[in-house]
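Next come two complexes, and both contain chain A; in the first it sits with chain B, in the second with chain C.
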Partner chain A sequence: MIRDRERRDLAVMLAPYLVGLAALVVVPGAVTFALSLFDYDLIRPATFAGLDNFRELARDAVFRTSLRNSLHFVLFAVPVRLAGAVTLALLLHRRFRGVGAYRTAAYLPTVVPDVAYALLWLWLFNPLYGPLNLTLGALGLPQPPWFTGLGATQAAVIIMSVFQLGEGFLVALATRQEIPGELYELISVEGAGPWATFRRITLPLMAPTLALLAARDVIFSFQATFVPALIVTGGGPPPYATTYLPLFIYTNGFQYLRYGYAAAATVCMILVTAYIVLLQYRMVRRWRESFVV
Partner chain B sequence: MATLAFQGIRKQYGETVALDRLDLDVADGELMVVVGPSGSGKTTALRVAAGLERVTAGAVRIGGRDVTRLPPVAREVAMVFQSYALFPHLSVGDNIGIGLAVRRVPKREAAERVRAAAELVGCAGQLDRRPFQLSGGERQRVALARALVREPAAFLLDEPLSNLDAQLRVQMRAELQRLHRRLGATMLYVTHDQVEALTMGDRVAVLRDGALQQVGPPDEIYRRPANRFVAGFVGSPAMNLLPVVTAADGLRAGPFPLEPPPGSPWPAGRRLELGVRPEHLRVTVDGPGVPAEVQVVEMAGHETYLHLTLGAPGHEAGSGSGQAVVARVGDGLRPAVGSSVRVELPRGHAYLFDADSGETLVQAT
Partner chain C sequence: MSTASRTAWRHLPALLVAVGFVAPLVFMVTGSLRQAGLPPPRSPELLPSPVAFGNYPRAFELVDIPRYTLNSLVVVAAAVPLTVLCASWAGFAMSRLPRRSAGALVAVSLVALMVPLTALLVSRFAMFRILRLTDTWWPLIAPSLMGTSPFYVLLFYWSFRRLPAELFEACRLEGMRPLAVWRRVAMPLVRPVAVAVAVFAFVDTWSNFLDPLVYLFDERKFTVPLGLRALSTLDPNNYPLFLAGAVTATAPVIGALLYVQRFFLQEFRGSGWLGR
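Let's turn to the complex of A and B:
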């Protein structure tokens, strides 16, 4: 009796989540997979295309550029964001006057809406009157052509993403605070300096969480380029310099009305993401097993 | 090994005084136990010796060298924590050898020293295991081996046995003593357990509220306590304390009449308190002494503790009746709760304290 009732309560409590999951993830996911096998433009009825969309993607130079750009972004942004989150966590884990304000400041960019955040950077990066280049110029440093040079534009998108590391910072902070203080006291009595302490204690003990954060950030990073690419750089310049997979998918789907093609690109993006996360998981597992003094 | 000296150490956290003019010398090869209740400053003293706390005033010397301003690494001490502080991601062998690794001792030499230390404490068969696979006692051995492996000038042990169960604690106590004898190591050992202090220490230092109360061999601490606090803290169950009052027929401690010890008159003009250990109260069913009612009977195997109220109902107990005392009796006596017994205060086993300052005035009256 009680078990039945518990089960019913459980079902009631889980229902909103399951409905949301089904409506927002499972059904769209299944539709996307199905759509990738069709040609569909919202006007004419969908026609079965088999793997034609995928074959076309393999030949599409813009898709290959987008994929390469996305991989580059993940390769640079994830380590930088992770390092930033850990560095901030290590700097701000102790209690000192004003630490709350610093922690809030570290988290704040994450809660700014994406579009507002992107518009803000549009101003910051402005080559003529943007405060970034004005400051660099005042210091006598080179002023990168943020929205015209190939590397500079891609760097700008990475720089924009680096400041939105609030969640990673919070998780890293909580993980660092979980490490017992006695371990640090002991290692200092044993004779370790700051670097040895970080390498032998802090990093390995934070590693499981960092691995999780890295996996999460890879997934996030594949998608995070959309707003900056759409609003700040417009996918270039030069042409396609900042066309990442999400923008490619958006353009094909909502501008060229090639829904099947866009769905096939989405499937590719999901598969690439899953492959990288799996690769990462294996690397971290091997790394953890190799911990020796 | 080396000597370890605290010279006029004062440690303050804001307004709170954790250590107040601590002077304590630990001789080369001595096992000094620092004992005291929670908040007495004993762990602070240990951390000051390790260099984990900066002193407000005073000096710490290790091997005659002033190390007060030196960081922990330069003090050449090893520490064993109550929680063992083992690194969960490292094997037992790597845990033991971490001090050697950070000091860049060659790997082959380090491996030999790790094995030797592990053999000394009996954990050589577990070098490849991880801490989470070990029992409490095994973890304690690993923590000890880690302290041993660097051959430090002094060992600092912070309540190393308090996380172990009672049986294992007794066993590890003996093993630690054996280890200490074998190594001839200078050890500063902090505990709140007075039994540990008395059984292990070459000498015992009793701390209270950051102030040193008495230092001496265990026997001296037990038999000649410097004050009422030491007398009450050392010994289990605690010493019975009875207020001393002036009655028509002389002084009385509770219902017990007192006679001054030969050749020393009663200290005049002070409020007094009499202390007597539970084992020194002589309890009989119908012998001499004052009557008492049995409130609680605690069986502790080979001995029994009787919680008594002096002055049993129906008896003329005189002044001081209603005073609660604890008596330790042998196997032969097992009175029922609520029954009446007689309690006698034999000569030569009681202490007289100044009730205000706590100072011991007369040893064994």
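Let's turn to the complex of A and C:
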């Protein structure tokens, strides 16, 4: 039968994707939750520990610090990255000669391999040799103590992440290009200035996508701190200044071989992420309601 | 306002932004050309003096970058074609399914897209260890089964859905099987998307650091990012040396981006994946 044959073909074509999703996302996701209730070091068989891992996390000062650091990172990096992506998109959405080159330039840092990118910033931030402080010094500006002061080190990790906003920029660009030009003609007939145009047309029409982008950025922020923390700052300095949740999980799992404990920290990370995304969703909904009324 | 000054107004901020984003990469290259052991310069220097190319051969000598490059290329050679195949298959099948099943799969893909890798790391590792696949390249290739990222599957799905439905109806009346339609009709029509996905899969696989860090122990199996990290831990203060390594690791992905940027960053809408 033709229909059967068709169905079989489609099943074959879908199979690798579904198998991949199940084996690499669904099952590991479920295992993470299960593992958080066990003590497991990959050598001895796992023993059931109930909620012990979570109780220990609650007492663990390093965990609390890394949770706080991660939240700080999200709080500062996500709005800056989002604003940056929108600004770039508005600046570069028009068609003019050479715009492709400008867009490509803005996208370049995003594709640099994580390790190379981390090493690059290790150099840029170097207090003695680094081009950043040399430039600031030449301009007569203060030279922050990157890698020694608490605030400066955390700011360094955020600055690093801001230059890699290419994906958000791309999405914002596509969204801006979808807005019909007639709307802008209409509002310019009304005599609205650029700020009013932005507030009444561009922002509301881009808002759904931006909300999605913000949610995605929150989720990835928890991950984006891993390589910089491991390579650039080594989790400090001062001690634990840049120990973020992913580094905490990595250290406990893969260095101390406490997989159950690491899984419990992962579960906490997932729950915190979900909570922030929920808060964001509520905020955006309220803002949109206020706009419609 | 005259045309000339309007053009200038359009270009000036764009130019400033572009310079800001390119500057770090320029400093990466110039830093790699500094002679090791020189005292810090007094002012920012665009080109170090003397220009020293010696850091590159030295980096290749200290860690086996050619071998790591070869390893990375083997992984890439397996992962990229598999990604394009699996992602386009899944995207095509989704575009042929009834609306509701397709919608459910899109939702599943979006959720999967939202799960951070670090959240799965511990249990994926346990799983691959039970399968005795740690310290092999399989865990690095496995994600290409799900198109490296579900986003690439969605990209194919959206592109196939934009093709006219009559086309597929005609193929069906001709008695063509979906696999044949995919190969002979659909894929040739979405070539820019396929090229872009291939390049992004290349960039993702080439740059992947977390997976090799966790799964590979044997130094001879290392990929480029791990080699780069080894280089930077040898002598953490020899900036020119590890910047030379960083430039070597970055050059291929920059080349790849410059090659595909015309598909999605150029000014002409209608030809690329973002266009209509």
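Throughout what follows, the second predicted complex is superposed on the first by the 284 of 293 C-alpha atoms of A that agree within 3 Å, B and C clash if a C-alpha of one lies under 4 Å from a C-alpha of the other, contacts with A are read in each partner's own complex, and residues count from 1 in each chain.
Following the convention adopted for this analysis, contacts are C-beta pairs under 8 Å (C-beta built on N, C-alpha and C of every residue); 3 or more make two chains touch, one makes a residue touch a chain.
Note that the structure is predicted; figures quoted are calculated from it, not measured.
Specify the outcome, clash or fit, for chain B and chain C once both structures are aligned onto chain A.
With chain A aligned, chain B clears chain C, so fit.
Let me test your reading of the model: by the given contact rule, A:V19 touches which partner, first (chain B), second (chain C), both or neither?
second
Just checking: does A:A192 make contact with chain B only, chain C only, both, or neither of them? Give me first, second, both or neither.
A:A192 sits against chain B, while chain C stays out of touch.
Who touches more of chain A, chain B or chain C?
Higher number of touched chain A residues: C.
Considering only the touch criterion stated at the top, classify A:R200 as touching first (chain B), second (chain C), both, or neither.
first
For the superposed three-chain arrangement, provide the angle chain B-chain A-chain C between C-alpha centres, rounded in steps of 10 degrees.
80
Counting only touches as set out at the top, which of chain B and chain C does A:V162 meet: first, second, both, neither?
A:V162 contacts neither chain B nor chain C.
Between chain B and chain C, what minimal C-alpha to C-alpha distance in angstrom results from the superposition?
So the smallest C-alpha to C-alpha spacing between these two chains is 9 Å.
Using the superposition described at the top, list the residues of chain A that contact chain B and also contact chain C.
Correct list for chain A: none, the interfaces share no residue.
For chain C, which residues are in contact with chain A within the complex?
7, 10-11, 13-15, 17-19, 21-22, 24-25, 27-28, 31, 40-44, 85-87, 89-90, 92-94, 96-97, 108-109, 112-127, 129, 142-147, 150, 153, 175, 177-179, 182, 203, 206-207, 209-210, 214, 224-225, 228-229, 232, 239, 242-243, 245-247, 249-250, 253-254, 256-258, 261-262, 264-269, 274
What part of chain A is in contact with chain C in the complex they form?
Per the stated touch rule, the residues are 2, 5-6, 9-14, 16-21, 23-25, 27-29, 31-32, 35, 40, 42, 88, 91-92, 94-96, 98-109, 111-116, 119-124, 126, 128-129, 131, 134-135, 137-138, 163, 170, 173-174, 177, 215-216, 219-220, 222-223, 226-227, 231, 245-246, 249-250, 253-254, 259, 262-263, 266, 269-270, 273.
Touching residues of chain A toward chain B in the complex: what are they?
So the residues of chain A in touch with chain B come to 180, 182-183, 185-193, 196, 200-201, 204-205, 207, 288, 291-293.
In the complex, go through chain B and note every residue touching chain A.
50-52, 71-73, 75, 77-79, 81, 83, 85, 87-91, 94, 97-99, 101-103, 146, 150
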